[in-house]
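Can you keep this structure in mind? I'll have questions shortly.
Letters are used for the chains, namely A, B, C and D, taken in the order the chains are written, and counting of residues starts over at 1 for each.
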Amino acid sequence: MSTSGSNLDINTVLEKSAKYRNWGKWGSEDELGSGNYVTAETIARAATLVKKGSVFSLALPLDSKGPMDGSFDRVNPIHLMMQDGGDIAAGGQDHLATLRYTDDSVYLVLQSSTQWDALSHIYHDGKMYNDYGLEMVTSQGAHKNSITNMKDRAVGRGVLLDIARYKGKKSLDVSEPISNEDLEGCAAAEGVEIGEGDFVLVRTGQMQQRRDAGSWGDFAGGPAPGLAISASDFFCPRHVTAVATDTWGTEVLPNETPDVFQPLHIIMLVNAGIYLGEMWDMEELAADCAADGVYEFMLVAPPLTVTGSVGSPVNPQAIK
Amino acid sequence: MSTSGSNLDINTVLEKSAKYRNWGKWGSEDELGSGNYVTAETIARAATLVKKGSVFSLALPLDSKGPMDGSFDRVNPIHLMMQDGGDIAAGGQDHLATLRYTDDSVYLVLQSSTQWDALSHIYHDGKMYNDYGLEMVTSQGAHKNSITNMKDRAVGRGVLLDIARYKGKKSLDVSEPISNEDLEGCAAAEGVEIGEGDFVLVRTGQMQQRRDAGSWGDFAGGPAPGLAISASDFFCPRHVTAVATDTWGTEVLPNETPDVFQPLHIIMLVNAGIYLGEMWDMEELAADCAADGVYEFMLVAPPLTVTGSVGSPVNPQAIK
Amino acid sequence: MSTSGSNLDINTVLEKSAKYRNWGKWGSEDELGSGNYVTAETIARAATLVKKGSVFSLALPLDSKGPMDGSFDRVNPIHLMMQDGGDIAAGGQDHLATLRYTDDSVYLVLQSSTQWDALSHIYHDGKMYNDYGLEMVTSQGAHKNSITNMKDRAVGRGVLLDIARYKGKKSLDVSEPISNEDLEGCAAAEGVEIGEGDFVLVRTGQMQQRRDAGSWGDFAGGPAPGLAISASDFFCPRHVTAVATDTWGTEVLPNETPDVFQPLHIIMLVNAGIYLGEMWDMEELAADCAADGVYEFMLVAPPLTVTGSVGSPVNPQAIK
Amino acid sequence: MSTSGSNLDINTVLEKSAKYRNWGKWGSEDELGSGNYVTAETIARAATLVKKGSVFSLALPLDSKGPMDGSFDRVNPIHLMMQDGGDIAAGGQDHLATLRYTDDSVYLVLQSSTQWDALSHIYHDGKMYNDYGLEMVTSQGAHKNSITNMKDRAVGRGVLLDIARYKGKKSLDVSEPISNEDLEGCAAAEGVEIGEGDFVLVRTGQMQQRRDAGSWGDFAGGPAPGLAISASDFFCPRHVTAVATDTWGTEVLPNETPDVFQPLHIIMLVNAGIYLGEMWDMEELAADCAADGVYEFMLVAPPLTVTGSVGSPVNPQAIK
């Protein structure tokens, strides 16, 4: 049975939210959620996956050519030079003894490119993960569940589920859902098992498809392949720490539920406390995995430490 | 003989610059510098240092309470919310089906806190690393030697040289230099050898001293303990990839050379192509190293991928 | 009797707020407040005050040397060049035919220097001017009472009440209050009457005192001379449109009411709907007025049109 | 004879530049250019044009819906709230005694909307107005010819030349040039003469045409009606201080000279030192002028005082 059936609605979301809810599991003051599954053991084991010494950066370039189109008021990164070579040439630093320097700054919407969603990024019925209320995210930032809680926890075993390749496609079709069965099938085909504390990377191929097309088009928010609601039945019971995709919004768009926007965010992030990564560039990593048949690796993806941030740009490192 | 003798000047800097210059070593188009010392072998070996599964984040919080005081026009990070709980409460997202979200952005001077200097950050006599000229850093950013070249290279063996502890102090004295001999003595005392491709962390204790004092004071640019010019005799021949300190500017301040500001930046960064990390918070890591006697670890410190950036904030991960 | 008596408290504020409240006076949908006093007649009459053709800009420079010290998260303006002469010299615009250009941007806290408070800037008991609630200012800005409502209304008769000069001082003392009697006395001494639709500029001399001292010190929020609560008895019945000072916060600091911060903002801005201008530089204007004995002029002080803004930088023009 | 003949080229530009060059006219240190034409007399006379007390704001809203499309790295204004009603509701200001406040900031490309070009905005052959070189605009801003020089000079007689109406059109055609003859004809038809120190507003109708269309389209940089090169023969001899249009770039686009981009900027701004205003919204003003037949008024258009800025947003006030 297809998981993208048209009879999914808010009730499906509520049922699965209740089923997979981890509120209180690690105490009423917990702010880590599935970050709790990261342990000394998972970290130490992840390092053993490093065999050949290859590092793959999964970050898009942060610049004005990024995928943002202004929707949700999100603009692409604005890089601004404070000191540059021209200033030096013009004598602007002649008061310094011999040394000359350049300097720069950026205006950065924290979720404008390759990024982490914090557990404070999504609310449902006035609550975010672990029952924290609306008053916990003000103009001063998140007082609970900031992504900074993961500053030393985004380390572990990474597994690539290359769904596009599994389905024999360069890229999934527009609005093609990825179901529980798809994930199970792909994992089996790759010979990997997903376990507690894993960081699972799901590749749809959409990012590369847009890159090949020479334009992001409606990448940021338009129709897209992505995870179906049933994917929660794959990830939640396995106690993964995080799930990342190469798409804008993790989930299949339009969503399966006409009455709920981004339902998987509610089930997995708000309730299960699973971190979501978006716009991760998996192309080089995927080519390597296809070549050597090894789909697991050490994943180190530390967020910036912007106090109170509800998301973070990240330069994830997949190390094989 | 003391390395902080008062007879050091521009000639010392020129001699050592010539001696340790790596321009052309990896070709006239090279932009990696000592990043070339990072190899599959150094990466794979670094992962074997992970034993107990402990992760230490070496990043300061990025917020308005940071160490910047406006010198060099550097301000502390400015975190700005685009959507918060108050907006949700006020009904500002009632057009969305069920899900609610928060969103944020930051104005970030790239070297305002825990950071990497790019090889394009420093010029001497009109040249940066590998002979690139002033026209290579414009208001559009660095066209050569951006820190983004290190996006998948800031991985390797980390070694902590805890100079403060070696000298039996909580923190080095103001303007206390760290010489070649100090570094050798500390390494010997810790039982570590520094080798090719290493990322060396040098702890002065100054950061903690300011934290204990409850104020950054003149941390950003004032008198400070730090590396002496002779430290280049330690690092350059050993082919390290990077050196980081827990201070604002790596070097002892005031510098040993009245006629050259930040001479070690010229010798090591401009000429040897060694990356410099500044304001790395090593306190927890140092305590752990002192406790278990293990001063080496896997270091993963990926820069942001801001196109053309001459520096980057970083959340370095020391993994033991 | 002194207006800065120690027995002032929240009750004083509530009484005067009730007495001078203009909510509903111009309808339940009004967003102009005392901006309604600006009429074709007041505008036309103001122009007749232009006699000798002198223009005085009352704006401080917007740059990193401004009076902000980070309190209330307010930083000084950050000016950033996007294209400059160095870029042109480096050939960065050689794709353009012949013409070359420079370009720039600014990060600007809207109330970080010479500025207007919008009627949406202040709340009391959950309400701003004309009974609008908290939900009317979200992260998307002010949906009511934005300063943009004054985009074509900040024109009229300006009157300088040079209190410092009236009291025979270069600058009022720290925490010296300006009472109803002071204002009446000063106006009488200057031979001016304050009337409906006027923009009244009150000079304490504090700005110049800090400029002479070479440092802003605690100008932004520290003890300061300024308007006493009784000043509301002067301004409100006279139906002025706006009151501006050369201080950070209009009011005498510390305030006369230990249990209410900035009580005059509540009485005059929230209730009477009078616009407040802060950090207006009146020195040159004051010297001119003292010289020719003419304390009235045409005042044109248009806010920026930032949609939903709760304040605005302004370059006020006093034209005599 | 058409002024948009195809045989115009760089030589035309050089000839007219030489003919109308004002370098040195007001001394070798002058930074005002045609701002020198603003005198006590022109200011006082301008005020006499205020008859009926009507004020027209000529500024577009500064928000994310503005005309910028990212070309030239210019983004629309980004308005960011620092404190809002939601924060108050959440108790974020409960440490304050009774009063509550909102606060905001903006990231603003200075020429992203209704604006002034500074004399430092344009270079030709390495020189800006009055022979200043490239080293005079660095990352620290303009050291000469900043728009701040006009902080108390953007006051004078405004005249609207409503070319669209004169030609009997709602809006000029795409790429329709406005020639010397057009300007003379329009002035004659309106019964106005242009004189020294005037601020001339030229309406093409293009802004309203885009507003009616519901989209800015290629307003920022695409084909557009605008001033022809021969317009310099109208403006320069008459010693105007400034010329503003309701278009993105003042000039007809594509330009008449294939080998020079924006030739009129070179002739009028660089050489004659005439200020250019762009994206001024003249619709309401034009309707009023058409209704009462009065095309002259007092114009007060003060720039922001961003130190070293090469342009400025402006909220121009046309007062009749």
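We take it that contacts are C-beta pairs under 8 Å (C-beta built on N, C-alpha and C of every residue); 3 or more make two chains touch, one makes a residue touch a chain.
All values derive from a computational prediction rather than experimental measurement.
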Every chain in contact with both chain B and chain C is listed here as A, D
Pick same or different for copies chain A and chain B, depending on whether their interface residues overlap by over half. same
Does B-D or A-D have the larger number of C-beta pairs in contact? A-D
Quick one: report the Å distance separating chain B from chain D, using the average Cα coordinate of each chain. 46
Whole-Å gap separating chain A and chain B, where each centre is the average of the chain's CA atoms: 27
With centres defined as the mean C-alpha position, give me the chain A-chain D separation in Å. 45
Do you know which chain C residues sit against two or more other chains? 73, 81-82, 84-90, 105, 107, 134-135, 138-140
Touching residues of chain A toward chain B in the complex: what are they? 10, 13, 39-48, 50-57, 59-63, 72-74, 77, 79, 81-82, 84-86, 88-89, 96-111, 114, 120-124, 126, 133-142, 148, 151-153, 155, 257-263, 265-266, 298, 300, 302-311, 313, 315-317, 319
Residues of chain C touching chain B in the complex: 64, 70, 73, 75-76, 78, 81-84, 86-87, 89-92, 107, 134-135, 138-140
For the complex, give me every residue of chain B touching chain D. 80-82, 84-90, 105, 107, 139
